[in-house]
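Two complexes follow with chain A in common, the first pairing it with chain B and the second with chain C.
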Partner chain A sequence: MLAEHQMWQYRLRKRVTRGLLYGVLIAGAALMMLPFIWMITSSIKAPHEMTLRTIQWLPEVPQWQNYKIAWEAAPFDIYFRNSFLIAITVMFIEVIFSSLAAYAFAKLRFFGKNVLFVLFLGTMMIPGEVMLIPNYITMVNFGWVDTYYALIIPWTVSVFSIFLLRQFFLSIPHELFEAAVLDGCGKLKYLITVMLPLSKPALVTVMLFKFIGSWNSFLWVLIMTNTPSMRTIPVGLTYFVSDVGSYYNYLMAASTFAMAPILILFLLLQKQFIQGIARTGLKG
Partner chain B sequence: MRSTKLMLLTLVFCLVLSGTAMAQTHITFWHAMSGELGNAIDHLTAEFNAQNPDIVVESIYQGRYGDLNTKLVASLSARTTPTIAQVYENWTDAFFRHGVIAPLSHYMDLSDEEFNNYIEVFRGMNTWDGELYTIPYNKSNWVLFYNADLIPNPPTTVEEFLQISKDITAQTNGATKGFGIRPTLELFHAFLYVNGGDFLDEDLGVTFNSAEGVEALELMIGMLDDGSALLIDGYENEAFGDNMIAMYIGSSAGMPHVENSVGDKFQFSTAPIPAGVRPGAPFMGTNIALFDSATEEEKAAAGKFVKFITNTDNTVYFAIKTGYLPVTYSGLNSPEYQQFLVDNPHKAAVANLDAFKYGYWQPTVAAWEEARSAIGQAVEKVFLGEPIDLVLDEAQMLVEEAIEDMLSQRY
Partner chain C sequence: MIRLPLEMRTKKYWKETAEAYLYLLPAFVILGMFSFYPVVKSIYMSFFDWSLLRETQYFIGLENYERILNDSVFRTAITNTLRYVIGYVPISIALGLIVAVLLNSKIKLRGPLRVAYFLPWVTSSVAISMVWRWIYNQHYGLLNMMLAGLANVVNTVVEFVTFGHMTEVWQFANPNWLMEPQWTIINIVIISVWQSLGYNMIIFLAGLQNIPHELYEAAEVDGASPWQSFWKITLPLISPTTFFISIISIIGAFKLFTEIYVLYTGRPGPVNSGMTIVYYVYRNAFERYRMGYASAAAYILFAIIFIFTLVQMRASRSRIHYGS
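Take a look at the complex of A and B:
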């Protein structure tokens, strides 16, 4: 009798704590979702509904044609193609370079390794804007302005990714390496057959960051290109903003379709992504 | 077999011929016009290219003004400048000081009549060294936007303006304030100028730190204190369309956005900025500059193109499409544009002929880029409650420093 009562009490307590936990999580999630919901509902509002000072969540009459107008305001079909092409290429090349460099910094022994690594990290301290004009001059001298080379190659090396992967590689026990070498495994083979499969979460994280970074890149693309056929989505988004006013409803419609691919990518990879952040964060 | 050979031969022959006949001059035009403006300029460019088979003009959108400026600066250091570009006056001054632009009017083959046809205020804004260096293109002015349902007769003087602001606030029990104040350099300039003051004198001496400047700021602060004005962040047209304010002073270039925010909630119109000790109409917008790195052929082609897009028909076309002003008297007075103003009475104040007589503009020196942000910050500080005299003293110091830097070529 007593046991049953205790059991019941225990279950109740568990339910209450779980309920509270879920309550907090749902509230947090709702708060995070709010801007997205606002973006989506705003994308189908009429212009005068965008500028109300009071909050109006839903449009009186949904203006679905906003999407059509936004899509036609700039050559978004070309921009999408370019954004995909550049983001995917950069993402794959970069992950190859980063894992090779990170492997060297984490597992190999060579002269000046630590100094070189600190120098690498030091470049992260320089803001990109400072290097914009020198980089532009370099691109002009290479004859790369207005080509995919300028949009892809400078971005295929990322110190941040190398750093992130190195830290992850360091967390993989060195004994594995020794055992593999004893069994006659070469260094590159070890990287490909042992390290990389073990580092999937970190690799996915690095790739996603790169994809998002490339997808959102604006000033670099604008400066390095001159023809619409070489430009990407963020350039298209500026069409709706001006110094004297902005077409928020079209901007929100365009933002919705501009971020859809990232959202889909995230949903597909979210398990690895979250795991990746959690694990790389654990062992810094 | 034989016929294919013959065809190939003809094809090669044609290609060789066309290669020699098509000695085309290629020029580039960098601009910051998107949306309706971008469509209008693309249309004019295509028309010009069709009429001039020996010239190919490529109009390229380079982002917003800030982006365009960054891109121009980058292209100057890499020697990849376009042939012509849209520029603000203070950019022109910097380019002029560095000797990287050429006087565009030299390449336009302008008769005296054509030269004088460009509106005088605009010529003033585009003159360096006594020459029409750049050509006005998308010009706008600042006017008083007012809710015509609440205000049947717009104020013409500052006194009337203050009274109407108070009356509207009282009538609506404060639900709609008379006037919207966004603490910007432009609004300060508007009140400063009609009060007899200005930012700089002809010798680049600071004149805004004066009785006129203090009074202008006190007038705005006073309207907030007595409740007849509302302090606004963000675009004024939004508060205006939402009936929070009955009047505001803003750029005519924002007209499409005002029309959007107001919708059919009420009737609105525009009027000249109310006069104080003197009337005044501030003019703004950009111009077209020619870069000196272009070849003589390219310069001549650019001159021809700019002459084309500012001829009477085309300046009117652009003005009607975009809401900017025609840049010539013949455009302004053309039956088509006058009819447009009759059909759109809320735009009439924008092209008010008197306004051109009282036109003024912000300083056009390179140091203005830095100076304007110092003054802009000063205005914001005043509205955050800092003492006006101290704030203006500090701004004067910063502006004088910027000008000194520019004059000593350390710019």
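Take a look at the complex of A and C:
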């Protein structure tokens, strides 16, 4: 009898902790989602609904035209085109440059390898802000201010990606490489036909990071662009604020479509993404 | 004559070296131009009165550093940045760990919950700071409306429980979050914690997977409570991850700029309450064109980050448990 009673107590306790666990986690998640929910519902509210003193979660009539009004109030089509163009170009060039460098560091034996590797890694320790000013002056001297060159070329190499890819390349058995080279396979051919296909998860991680980093980058674009035709989404958005002031329903509509591509990309590729981040943490 | 190691005397080795350098060339050129060169150049510039508005620049030795260190605005920037680091880093790490531990148990909905916590991290700081600006709005913002509602509930409950003896215990003052300087850093801490918690959680989750499950089973058999398991097993074994996260969080936190810039539409908050070191660099370089002065400030930032990281590495050496 006693055992049964204890069993019952044990089960009850398990249930309660379980319920508590779900309660806390779901409440927390709801809190995390709240700003997004508030952004989206605000974006489809009518002007008078934006000045209520009590919480109104949903608009009476969804004002979808807010999106159209916001879109047309600033050259968002240009901002989007720029953001996509820059992010995609940077992403592809970067993955090529980084793979080549990572391959050299992972598989080749050469003079000065360790020194160079430490030199590369050293740049990760230095905050980008230190380089900001000389880089700005370089851009002025090159005449690259307000051009795509300034927004693309400095970002086509990232030591972080090189490091990540190198770690992944190292995990591919070296015997494979030696055998292929002995059989007369060129080193570049080996990289393209064997290493890269085997490294898909790492490549996807690197590309995703780069795309998102480029899409969201702000300070550099802010100081590098003078004309609206060169602005990207984040910078365009800050100018849009000074134009529409406190029309928050339009601002929220603009924020929503500014985030949309990244959110969609993330939801589609969330598994690769989360695994990628987990990997960087473990190797760090 | 210096004798090269055996390996280096082969032709094959030097051929491979040539090939390796070819592969490294693009990365090296870009890094050389946009990382190695500017690191050296900005030290050099920091000793000059360097203005973009004229042709010749004047060497002034350490004067920039001297003036920065005596500038009360810079001191405000340091204090604000430190307040932010101290507020943000521990909270975001602790919350990240708590959520990770909770999510690490066998539960349904694990995937969607993970996505929900992580989502803020991928969104642009600019767009999201805009949303928070709306949330912080004094009259129509979600935060004040929710707090007012909460105050109402608390007051009603207290009044009921004390049979009407205590009324209006929480007089909600409707704070103007974005105008009152005492809130500036707190506002930013809230946004940053919200945005980075998910990232820390993911890294902690990966770390937690590496802790052998048998340890917990053994502890349970020995009658340890989940609470004890957390303090005696999880926390010590997760310490390398905690260390990693705290280093990158601190480095990131010292570079606070975008959130301030957007939340306060291009101003460093009311009465410089949001002036940070990077904002100081930005203002001097790109609003006042004092490039040498701003370079010196950037180097001071680097020095601070460097010292912090070094101290942390030293301090943690004995405390971190690295598994086999």
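FYI, the second predicted complex is superposed on the first by the 203 of 284 C-alpha atoms of A that agree within 3 Å, B and C clash if a C-alpha of one lies under 4 Å from a C-alpha of the other, contacts with A are read in each partner's own complex, and residues count from 1 in each chain.
As a working rule, a contact is a pair of C-beta atoms (placed from the backbone, for glycine too) under 8 Å apart; a residue touches a chain by one contact, two chains touch by 3 or more.
Note that the structure is a prediction, hence the values are computed from the model and not measured.
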Just chain B (first), just chain C (second), both, or neither: which does A:28 touch? second
Look at the residues of chain A and decide whether chain B or chain C touches more of them. C
Just checking: does A:268 make contact with chain B only, chain C only, both, or neither of them? Give me first, second, both or neither. neither
Check whether A:42 is in contact with chain B, with chain C, with both or with neither, and answer first, second, both or neither. second
Of the partners chain B and chain C, which touch A:244 in the superposed model: first, second, both, neither? first
Of the two partner chains, chain B (first) and chain C (second), which one does A:140 touch, if any: first, second, both, or neither? both
Which partner does A:227 reach: the first (chain B), the second (chain C), both, or neither? first
Once the shared chain is lined up, is A:121 touching chain B (first), chain C (second), both, or neither of them? neither
By the touch definition at the top of the document, which applies to A:255: first (chain B), second (chain C), both, or neither? second
Touching partner for A:7 - first (chain B), second (chain C), both, neither: neither
Set of chain A residues, in rising order, touched by both chain B and chain C: 50-54, 132-133, 136-137, 140, 219, 223, 235, 238, 241-242
Which chain A residues qualify as touching chain B in the complex? 46-48, 50-54, 73-74, 132-133, 136-137, 140, 145, 219, 222-223, 226-228, 235, 238-247
For the complex, which residues does chain A have touching chain C? 21-22, 24-26, 28-29, 32-36, 38-39, 42, 50-55, 96-98, 100-101, 103-105, 108-111, 113, 116, 119-120, 123, 125-138, 140, 153-154, 156-157, 159, 162, 187, 212, 215-216, 218-219, 223, 233-235, 237-238, 241-242, 248, 251-252, 254-255, 258-259, 262-263, 266-267, 270, 273-274, 277-282, 284
Can you list the chain B residues touching chain A in their complex? 28, 34-35, 38, 60-65, 67, 70-71, 73-75, 77-80, 235, 237-239, 241-242, 244, 250-251, 253-254, 256-258, 260-263, 265
Show me the residue ranges of chain C that touch chain A in the complex, using the header's touch definition. 7-8, 13-14, 16-17, 19-21, 23-24, 26-28, 30-31, 33-39, 41-42, 45, 52, 99, 102-103, 105, 107, 109, 112-120, 122-128, 130-132, 134-135, 137, 139-140, 142, 145-146, 149, 194, 197-199, 202-203, 205-207, 210, 241, 244-245, 248, 251, 254-255, 257-258, 261-262, 265-266, 278, 281-282, 285-286, 291, 294-295, 298-299, 301-302, 305-306, 309
